[in-house]
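Report on one structure; see the data block that follows.
Just so it is clear, A, B, C and D label the chains in written order, and each chain counts residues from 1 on its own.
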Amino acid sequence: MKRLLVVALVLTLGLSVAGLAAGKVAVVLDVGGRGDLAFNDMGFKGTDQAAKDFNLQMVEVQCATGADYLPNMRNLARTGEYDLIICVGFLLGDALAAAATEFPNQKFAIIDVDYITGPNIMNFVFRENEMSALVGALAAMSAAQHGYTTAGIVLGIEIPVLWHFEAGFRFGMDWGLKAYAAHEGTMPAVNLLYTYTGTFSDIALGKAASEAMLAQGAVGIYNVAGPLGVGDLEAVTEVHDNAGTKYGPPYYYGVDADQDWMGNGMHGIASGMKRVDTACYMAVEAVVNGTFTPGVTSLGLAEGGVAISKVRDMEEFIQYGIGAGQIAAADAPAITYNWVQNRLTVADWIWDAVALLEQGILNNSIFVPTASTGAEIATVRAQYTLGAP
Amino acid sequence: MNANDAPANARAADGYFLRAENITKVYSDGTVALREATLEIHPREIVGLLGENGAGKTTLTKILSGLLPPTSGRVTSPKGVVRFASPREALDFGIGMVHQHFALVGTFTATENVALSHERPFARIRLDQARERLEGLMKESGLHVPLDVPVEKLAVGEQQRVEILKVLSRGVRLLILDEPTSVLTPLEVDELFLLLRRLRDAGTSIILITHKLKEVQSVTDRIVVLRRGELVGDVKTSTATTERLAQLMVGRAVEGESTAVELSAEQLPRAGARSKTGSSGESILHVADLVAKGSTGDVAVDGLSFDVHAGEIFGIAGVEGNGQSELVECLTGLRRAVSGIATIKGTDILGKDPREIYRLGVAHIPEDRWRLGLVLPFTLAENAILGVHRWKEFRGPLSFMRWGRINRHVRELMDRFEIQATGPNAPAKSLSGGNQQKLIVGRELAKNPAIVVASQPTRGLDIGAAKYIRDLLVEMRNNGRAILLVSADLDEVLALADRLAIMYEGRFMTECAPTDLNRQQIGMLMGGVERKEVV
Amino acid sequence: MSEQAGPTQSRLLRGVHRTVTGLHPALESMLAALIGLLVGAALMYMWGFNPWKAYWALLRGAYGGSYEWASTLARATPLILTALTFSVCVRAGMFNIGAEGQMFMGAMAAICVALFKMPPGIHLIVGLLFALIAGAAWSIVPAVLKITRGVSEVISTIMFNWIARWLALYIAIFILVDPSRAEKTLTIPVSARFPILVRGTDFSYSFFLAIFAALVLYFVLWHTTMGYEVRAAGLNPTAARYGGIRNKRTMIVSFLLGGITAGLAGATVVMGMPPSYAAFGGGAFPELTNIGFDGMAVAMVGRNHPIGIIVASVLFGGLNAGGRVMQFYGSNPVPLEMVRIVMGAIVLAMSIPELIRLVPAIKSQGERLIATLRRHGRPASKEGSA
Amino acid sequence: MNWIDLVSLLRIALHAMVPITLTAVGEIVGETAGLFNIGLEGILLISAFAGALGAEAGGPVVGLLVGMGVGAAIGLVFAVINTYWKGTQMITGIGINLFAMGLVAFGLIQLGAPGFHAVPRAAQVIKWKTAMGAMSPIILIALAMPFLIHWFIKRTRAGLILKAAGEMPEAADVAGINVNKVRLLAATFGAALAGLGGAYMSVAWIGSVTKDLSAGRGFIALATVVFSGLNPLLALLGGFIFGFFQGLAEWVKTLPSKPIPSQFVSMLPYIVTLLVVSGAIGRVRFPKALGEPYKRE
C-alpha cells in the first residue's frame, strides 16, 4: 500500500516534469521590437533556440514606449515563474538596474550594457569595432580593386553602440587601404561616406541615404541601422537591376545577423555579425546548468560574439530563415550559389588579407580602436579622416 | 375651420397639378413645423403662401420641392402619389424652388451655376451650350444677368434672377419663391411681379411665400394662410380683405393695433411719440466722410456724414446690401474704415476694437443674432454677459467670474424683458427667436448706453415680439438716448424714426423727416433714383 | 383628448430628453469604448486568439489591484496633460496636433535643471517652470503663424512636431548629453524628481500635478473671464468678436495653455518616471514618443472636458498597462499592438456624433412606422368630428 | 556637387515625390468636395501592407490594385461616417491613423516576421532602366495624375459638381445633386489614390513593409494640399519640393565634411514646407463648406 503510494507519487512528479516545460524564460525587447532582421530578432532567435534546446517555455514581451520597460520587468518578475529574464538593448539598462534591485531573487541578463552590478545580473557587451574593422577592410580593398572611390555606412541614431561600429570601420578601411598599397604598390584613394540618419525605422530614408552614397561612387553600403538595411539593400539591388549586372559591386554589408541571404544572396557579400543570439543562449544555458555568473561578459572576435559572416553562418541563417518562414526551402541552393558567385568578384588575396586582419585581432597583434563617448569618436574621426577635410 | 375660409377649390375638379395631403412635419429637435396641412396647386395660378415667421411656410415648400421628407402625409399628382427623395426628383417632376438664401455657388459664374443642374455628370462641360440656352431663356423671359462673372460679385437682385433662370432652365411647371421681395427695391419688385404674371400666363404655377399683405394681394390668384404649422385659410385673392388676411395670419388682435399687420406711420402707436426735443439734443455720434470697403473689396460705404443726437431715433432705410451692414460694423469696431471720421461724444472710434467702443457707451443690437449676437451653445447666463463679461460687477479677483451676481443679473433681465426660459442655465439655442432677440436687446440695453445701434432689430420676429422691441427703442429714445436704427423694413423706419436717411450703394439719397416724403417717393429713392428727380 | 395629453406628455418627454442629454456624452464615450473593444475582439478572434482571455488579462493587468491601479494611473499621468493640450485648443476652436513637439521641448527644458544644484522642492518647481515655458514657447509660433499668415494650425503643428523631434535629438545628443552614457541625457537629480507614491510602481506624485492641471484648466475655462472668452471664441468667433473678445488673444491664450500642459507632460516623464529620469536620444525618445498623439485620443473620449479627460485617461492608461500583461498571459498571448488597434477603433467610434442614436436606430424606425400608421388612421376620426 | 550628382538627386526626389503627390492629389479631390481627411498617414500605411500581400499573391499590378482597394475601403468608412453620420472629420482621421499603426504592426507579427516584411523581387513593379538610374513607372502615374485631376475638376461637369458640393452643398442639393454621394465618391476616390501611394511604397519603391513605413508622409501630403490651394498641379510641385529637400538633406548628410549637425539638415524639408505654406497662404481659398457635414435641416 505504502509502496503503491510512493510509486504513484513518483509517477505524478515524473509526469509533470516531462509534460510541462521545465521552466520559463522571458525576453524583453525595446521599443524597436522584432522585425529588424538584426538586433532584436537576434535576441529573440538566441532565446528561442535555447528554450527549445533546454525544453523551456519562452515568453516575448514588447514595449510600446519607454514607460513600459520597468513595468514589464516587474510584471514578469512578480510572477516569480521565470528562471531568467533577458533584456535586449541598452535602452533597458536603467530599468533593469532598478528591477534587479527590487527582485534580488530573479535572474536577469542584459545585452549591450556593462554597468549594472548585482548578484543576479549578467551583462553582455560586444566589441563591434572588431568585426566592423573586418568589414571596413573588405570594403576599402574591394573598392580599390574595382576602381570605386568611396565606401558608405548608413547608421541610425548617434549613440555609443553605433560609434563602436563607426570607429572599427574607419580603422578597418584605413588598414585595408594600407594593405592594398602594400599588395599593389599604389595607395588608392577611397573615401568614407557616412551618415547618421537619425532614425531606425524610416526605411525610405535609409534608401535615400544609400542612393546618395551609391551615386557618389560607393562600393557598398554597410548597414548599421537595423531595419534601415532593407532600404540600403533595395538601393544596391536597384543599381544592379538598372545596370543589368548580377554580381560584383556595389555590395551590401549586413549587420548584427548574417544578412547575406537577403535579396536572394545576390548582393549581400558579408555581414558584420553581432551574435546577440549567442549571448542570449549563453545566458539561458548558464541558468540551466547552474553556472550563472554575474558580471560583465565582453564578446569579441575571440569569444565568437562578433564575426564577419562565413559559409557556416550562411547555412545557419538560411536554415533559421526557412524555419521562420522568410525563406522558401527550395530557394536555399540558389541563394547560396548567388552568394558564392558574388564573393568571387572580390579578389582572393583580399579575402586573405581580411583573414589576416582577423588573425591579428585575435592574437592581439592588431588593436582596433573603439569609441564610447563623443570625445573618443572625435579622436577616431580625426585619426582616420578617410577623405574628410 | 371657418366656413368662410373653406378651400376655394373651384377648379379642383378640372385637374390639379399637385396636392399635399395632411402633411405633418416634426423636426428632430421636436419642433412641430406643420400639422396636417393640405394644399392643392392648379396649373396657371399664383398662390400666395402667407404667414408669420415660423408658421411653416418654408417647411411646406421644402417638402414640396423634395428638400425635406414629411413626417407623415403624402403628396399626390393626378397620376398618383409622388415621393421626392431629393430636390432633383422634384425638379425632374417639374417643381423648382428659389430659396431665400440663394442656392448659388458663389465662385461659379451664372452659366456654371445653371450648367450645374443639368444631366450627365461625367460629360465634359459644354459651357458654350449652356450659355446659348441661357441666352435664349433670357430673351424669352426678359431676365438679364451677366453670365461670366462669379455670382458672388453680383448684386442681390441679379443673383435672384440667376436663381430664377436656373430653375426655369429646367423647364419647371411649379415655381416656388421664398420671400423673393425682401431683398429687392420696390422697382425690382414690380419687375419680378410682371415676370411672374407672364410665367403664369405661359402655363406655370407659382407659389409665392411672403408675409407682406400688400404684395400677396397685388400679384396672387389665391392666398393660403398658415399659422403655427396649421393651414388656417385658403381664399381667392379677389374676395380677401386685408383685415381678414391679417386676422387669419395673426390669429389675435395685436395689442395697441387694430387689425393691420403691416406697420405704417399712421398705425404706429403715438404714445410718447416723437420727442420734440429730439434733434436739439447733443450730438452723440458724429460721422463724417466715412468710407469703408465690403468683404469683396468694393467700396461699400461711400463718404457718409451724419449725426445722431441724444433723444432721437435716426433711421437708415434702404434695401439690404447697400452698405448698411458695413456702416454698422465700422461704428461698432467690427470693421476697419478706409477713411473718414467717427466719434462718440467727441472720442474717435475708428480703429478701436468693440470692447473699447462699448466702453464709450455704445450698445449694439446686431443684425444677425445667430452669427453675431449669441453664442448658441452657451447658456442664457453666459450669453447675457457677452461683451460685459469683463465688468467689475461680474469679474472678481484673478478674473474669476462671479456666477452668483451674473445669475442674479440674468434673472433681472429675464423679468424685465419678459424672456421666457427655464432658467439662467438654459442653452440659448433652446430659446425661441423672439426670446433670443429679447435676450440680446435686454443685454444691450442693460449696459445703460448713451447710444444704441440697432440693426434689423425686429427681423424674423413675430408681431408681438417685434412690437415689444420697437416699444423698448422708443422708450430708450424718450429717456434721452440716441438711437441709430438700421432696418430694411421701411415701415418700421417710417414709424419709429425722428429723422431718416435712405441708403443706396453706400450713400444717403436723402436725409429728412419721415413725413417729408410719401412711400412712393421713398421707394424710388431706395431704388437709386436721385432725389431731385423724385421730388 | 390629444389636446389634453399633448403638453403633459411633451413636458415629460422634454424632462427625459434633458436627463438623457445630460448623460449623453458619458454614455457615448462608454459606447465608443465598447465598440473599440468589440472591434479588437473581432480581430483577435479572426487571427485565432481568444479575446475573452486576452481581455480578462488586460482587465486584471489594468485594474486588478493596487499595484495595477498604480501602474494604470502612472501611465495615465502624461496622457492627461497632453489631452488637456488638445482639448483646450479645441475649446478655442482649433486643432492643436502639436502636443508631441511641445512635450519634447518641455522634456528637454526640464532636463536642464540637471545642470544646477538647488534645494529639493525648489529644484522640482524650477524644472516644471522651465518645462512649461519651453512648451509654451514652442506652441506660440504656430499660433502666431496662424494669426499673421493664416497658416492652418493643423499643418504648422505637424511640421513643428518634426522640427521638435530633430531639435530635441540634437539637444539630447550634443548638449544635454550624459558624458558617461551618450545614449541618454543628463539625469534629473533626486532633488528635482517627483517622489514615488506607491513603492514598486511608477506611480509618482506627478499624477497630482496632472490632476491639478486638469482642475486648474477646468476653473480657468468655466470660471474665469479668460476661459469664458476662449470658449466663446471657440463656439462662435464672430459673436465673440462682437462681444469685444479679441480672438487673436484667445488663440494665443489657448495655445499657451496647451503648450504649458504639453511642456508639463514632458516634465512628468523625465522628472517623474523611474528609473531613468532622463530622455533617451539614442532611442529617439521611446519614453516620450506618441504621448502627444495618444493624448488626443484621451481628449476625445473625455469629450474635451478636464474632468472627462481624467476619467478617459484611466481607460487609456488601463489599456496600456493591461496590454503589458495581456502579451504574456496564457499560451497564445496577444501582442501589445492590439491595444493601439482598440484605441484607434474607439476614436473612430467617437467621431460619430450621436453615436448613441445608432443603437436605437432600428427601434426608432419601428416607432416611426407605428406613428405613421396611427396618423393614417386619424383623418377618419377628424372627418367624423367635423 | 556636379551635374551627375544633381541628376541622381533628382531621381531620388522623383521617387520620394510619388506617395506625397498621389496622396495630396487624392486629398485635393476629397477636399474639393468638402471632406478633410487627416487619416492619410494611416491609409498609406495600411495600403502599403495590403499592397505587399496582394503583390505576393498575384503580382505587382494586383498589389497596386489591392492597395488602392484597401485605401478606397478606408476612404469609404471615413466618408460614410462623415457624410451620412455627420461625423467630426478631424477625429475620424486621427482614429484611422491610430488604428492603422496598430493594425499594421499587429498584422506584421501575424505574418511571422514582426515589424518587417519583404516583398519578393518578382512581386515588385519592375523599374525602368535609364541612364539616370532605375526609375519606377509609377512616377509617370504620379506625374500624369495631377494633370488628369486638374482637367477633371476644371473641365468636366463632374468637376463642377465636386466643387459645388464643397463650396455650397445647399446649391448642389437643390440642383438635384446628392451631396453625400458626391462626397462619398470623392473621399473614396481620394483615399484610393492614397492607397496607390501606399502600395507604391511597398511594391514599387522600397520593396518591403515596416510598421513605420509611412513615416509622416501622409502629413506632408496634407501640408502639400494646403500649399497647393487645391490645385493638383501645385500639389505635384509641392510633392517634388518635399521630395527634393528630403533627398537633399540625406545627400548632404552623407558628405564627409559635416559643417552642420545632421539633425538640423534633417529639419530642412519640414522647415521648407512650413515656409512655403506660410508664404503661399495669402492666395489660398478653401471650399466654404470644407470640414462641415452637410445637413438639410
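One rule holds in what follows: a residue touches a chain if its C-beta (ideal position, glycine included) is under 8 Å from a C-beta of that chain, and two chains touch if they have at least 3 such contacts.
Given the structure is predicted, the values throughout are model-derived calculations rather than measurements.
A.B. asks: Count the C-beta pairs in contact for B-D and for A-C, then report the pair with the higher count.
C.D. replies: Between B-D and A-C, the larger count of C-beta pairs in contact belongs to A-C.
A.B. asks: If you average the CA atoms of chain A and of chain B, how many Å lie between those two points?
C.D. replies: 77
A.B. asks: Using mean C-alpha positions as chain centres, tell me how far chain B is from chain C in Å, no decimals.
C.D. replies: Spacing between the chain centres: roughly 44 Å.
A.B. asks: Indicate the whole-number Å distance between the mean C-alpha point of chain A and the mean C-alpha point of chain C.
C.D. replies: 39
A.B. asks: So which stretches of chain D touch two or more other chains?
C.D. replies: 105, 109, 114, 211, 263, 266
A.B. asks: Among the residues of chain A, which are close enough to touch at least two other chains?
C.D. replies: In chain A, residues 32, 158, 198-199 touch at least two other chains, as defined above.
A.B. asks: Residues of chain C that contact two or more other chains, please.
C.D. replies: Residues 166, 169, 173-174, 335, 337, 339-340 of chain C each touch two or more of the other chains.
A.B. asks: Per the touch rule above, enumerate the chain pairs that touch, sorted by label.
C.D. replies: The complete list of chain pairs in contact reads A-C, A-D, B-C, B-D, C-D.
A.B. asks: Which chain A residues qualify as touching chain D in the complex?
C.D. replies: Listed in rising order, the residues are 32-37, 40, 152, 158, 191-199, 201-205, 207-209, 211-213, 215-216, 227, 230-231, 234, 237-239, 241-244, 262-264, 324-326, 385-389.
A.B. asks: Quick one: in the complex, what on chain D touches chain C?
C.D. replies: 38, 42, 77, 81-82, 85-92, 94-103, 105-106, 109-110, 114, 211, 216, 219, 222-223, 226, 261, 263-264, 266-267, 270-271, 273-274, 277-279, 281-282
A.B. asks: If we count contacts the way the header does, which residues on chain D are in touch with chain B in the complex?
C.D. replies: Residues 155-161, 163-164, 167-168, 170-178, 288, 296-297.
A.B. asks: Sort out for me which residues of chain C touch chain B in the complex.
C.D. replies: Per the touch definition, chain C meets chain B at residues 10, 13-14, 17, 219, 223-226, 228-229, 231-232, 235-236, 238-246, 371-372, 375-376, 379, 382, 386.
A.B. asks: In their complex, what parts of chain B are in touch with chain D?
C.D. replies: On the chain B side, the touching residues are 27-28, 65, 67-68, 86-89, 91-92, 97, 99, 101-108, 112-113, 115-118, 120-125, 166.
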